[in-house]
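Structure first, commentary second.
Think of it as A, B and C in the order they're written, each chain with its own count starting at 1.
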């Protein structure tokens, strides 16, 4: 059984068909890549999966549960963790505070108890801080724990974001362009990190990615989207050499490419 | 015919650019790391002496200075403490949550009238009346919060403004509840029956509010508010129920405001509807913004400052009135009475804050705060550079 | 290709179909305009049945003042996306100027002076407050304009003191004609006429003149407008001056109807109803502001004189609040606005 699955999801915004009949599966322990030119509906698909958009047609399944109508935060509680294309972090807070914010669902006290100073709250908060530090150490970010997010370089932010999502205790990671803003070397290291994470945390991963070498190296399966529709799927090498995919990337009509 | 190839080695140029970018990034990260590793600064005994002395002086100013002041002055100091509570209430909305309220006089006034009515008409004990005032304040804020979830942006600001005038024109005009034009009397509580005692009581309440506010920001609720202010989508992927926590913020602000209102009523010993006009609501917003959003001490100082300014105390003590009188007698400038000064100076300070010092007082006093907490004095430590009114998401 | 896209957009957005058909022709083909007109007719009919005919007349006059202010609010919102909380203060400042100038200059010249004072204030506010904050979020500007309003009120308290002053109307015959058994004074007629005239002039200005089109263009596509060689900042000054002029007209014509005025009076009495009128009309529609002002004025006058509501204080404020909430929750795009 797949961990995460969309079945025939379609969504329209006004007259624009942003996704049409998209069916994607992420199996246990798989790393699945989603590729496609700009505007192909990759992030839209992510938004359907995580619940920002409700599809006009189709359903989203998580470990055999239909989550199509479920609120975003409830999906997080089930074990979906996602990153954003333009870094989903609380920029005014420090790195550690971000990881504590992401442990929102682990904090099993009432905020009012915390406001009145119940001792249990202090204990829970300390545990959350320790857990944050462990995760930061794993991602080699321990030194930056007390640094404010706002000033950090983009590549580092992407790593911080991964740490933050791990703090939500996910089963599935949904990564939106994790290697953007990274050089080839950094991207290679990111690949190692992803493989490590899968091993250490038992994660399944779905990622939107443009960096082809990374996709080919780490992904078990790849979906290619174009104009909101699935163009091709299969093993990374197959998809990369698929004639439709090649045409979608290079484009026959440059004007059309520009419009997308 | 030969095709002209690229005249530079593009691969090499790209590699060089990447190396440059990597070097810059590494430098930033190294700097942050170096700061993390740097041995923590410990002030010398003399340093500690000066820090303790300054802190003691500040405490003395608040605790000892009012002792031998006339009663009318002490009432104003109580008002300063109460405004600080109101400022912290507004800070929960404007600062932490990014919701605007231009109708905060309604939040406060409802607390005032509830407490005054219960104590005077229903003969309730003071503590119970204040507790109910807080509950009623929280409840009406909850309802307004529900509206805020539906109506977003600048339009919600308009709704709050309109809501505030409804409260002052209509709700506070219901004679049975508010005592009509002459107002509802609200006696001082028996355990703090002199203005001095009441002042210390207000300080105590303010201390509790500051503590509760501080604790809130140390727990998941406070972090949830900061996250949903910056980006509700990101907050919800962290598992935060954005709607529930927005309502939570409104309730907290409403409870604080209800408390402030109740204290204000008993400080004045009478509540009159015409005091809760929309100018007051704007003064509340101004004192919070000038104080500095999300800066607890900034908001407290800003609020106290505006309480003393709008009551005319500062103008009187600074002997500026003589200057105003001189100007009025010798130039065409009319006399600026102390009652009006806040209406002229307040917006001026607001506009200065918005255009030049978006962090408000909180940002300006940050070096002193850090120094008091045992850090090196660094005049340029302005902390959170992005603090500004623009954080209000509307 | 870029230029082609911008060009198409400009032509389609800058000339809404209604403008090409002329100001009145729009009423026919469009159901939502019919809806608004039907709403007004229904309210008036209801009022006549409830024996509130006089409220209709009072409401139409009050509504004209709201409409005039709302035109200014819409103008500023359309051109720069700002909610101008200082709009009513343009009116109060004009009234004060009128009061001071009418002695030395005589009433007609003083009126001109008063409007100039309002325009001057509009220009100053634009230059000192709006322009430095041009790139900041709209809410900053909202708070800033609220600050401007408070400062203007403070200055009025300072210079004018906290007392009510008398101001006589420009045209003094009190009971010129009777409409639905309600006597209407010359001044009230003048106010309604001013709204109608300015409304039509503005509609023509925005559909027929290059400057009007440029302002609309600047609000939709500031970059494209700059590329076309038009200075967005100059347009901003012009819009604020125009909005201030409208506010000034509302002030000098409305204040003499009650005969007295004091500091901040128009902000207290007119600002929120005017905003509600603008919101009713969809916030970006000039005819909408016009219709919205009428609706708010009539609804308010009806609530005040309705017998069943006598126990409730501040009825006028409550009805405006209810209107505002209802429109924003049920039809956020307003009666005449189009869905975003």
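Here, a contact is a pair of C-beta atoms (placed from the backbone, for glycine too) under 8 Å apart; a residue touches a chain by one contact, two chains touch by 3 or more.
In this text the structure is predicted, and so the values were computed from the model without any measurement.
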> What chain sits nearest the middle when you go by CA atom centres?
Replying inline: B
> Hey, which chain ends up farthest from subunit C, C-alpha centres compared?
Replying inline: A
>> Using Cα averages as centroids, what's the distance between subunit A and subunit C in whole Å?
In response: 49
> What whole-Å value do you get for the distance between subunit B and subunit C if each is reduced to the mean of its CA atoms?
Replying inline: 33
>> How many angstrom lie between the centres of subunit A and subunit B, each centre taken as the mean Cα position?
In response: 37
>> Give me the residue numbers in subunit C that touch at least two other chains, ranges are fine.
In response: none
>> Using the touch definition from the top, list the residues of subunit A that touch subunit B in their complex.
In response: 50, 52, 71-73, 76-77, 81-82, 84, 88-93, 97, 100-102, 104-105, 107, 109, 111-112, 114-117, 121, 125, 143-148, 150-153, 155-156, 164-165, 168, 183-186
> Which of the residues in subunit B end up touching subunit C in this complex?
Replying inline: 100, 102, 147, 150-151, 154-155, 157-159, 161-163, 165-166, 169-171, 173-174, 277-279, 282-283, 285-286, 289, 334, 336-337, 339-340, 342-344, 346-348, 350-351, 354-355, 388-390, 392-394
> In their shared complex, at which residues does subunit C touch subunit B?
Replying inline: 83, 85, 128-129, 132-133, 136-140, 142-144, 146-151, 153-155, 157-159, 162, 264, 268, 272, 275-276, 279, 312-318, 320-321, 324-325, 328-329, 332
> Any idea which subunit B residues touch subunit A in the complex?
Replying inline: 18, 21-22, 24-25, 28-29, 32-33, 35-37, 211-212, 215-216, 218-224, 226-227, 230-231, 233-234, 236-242, 248, 384-386
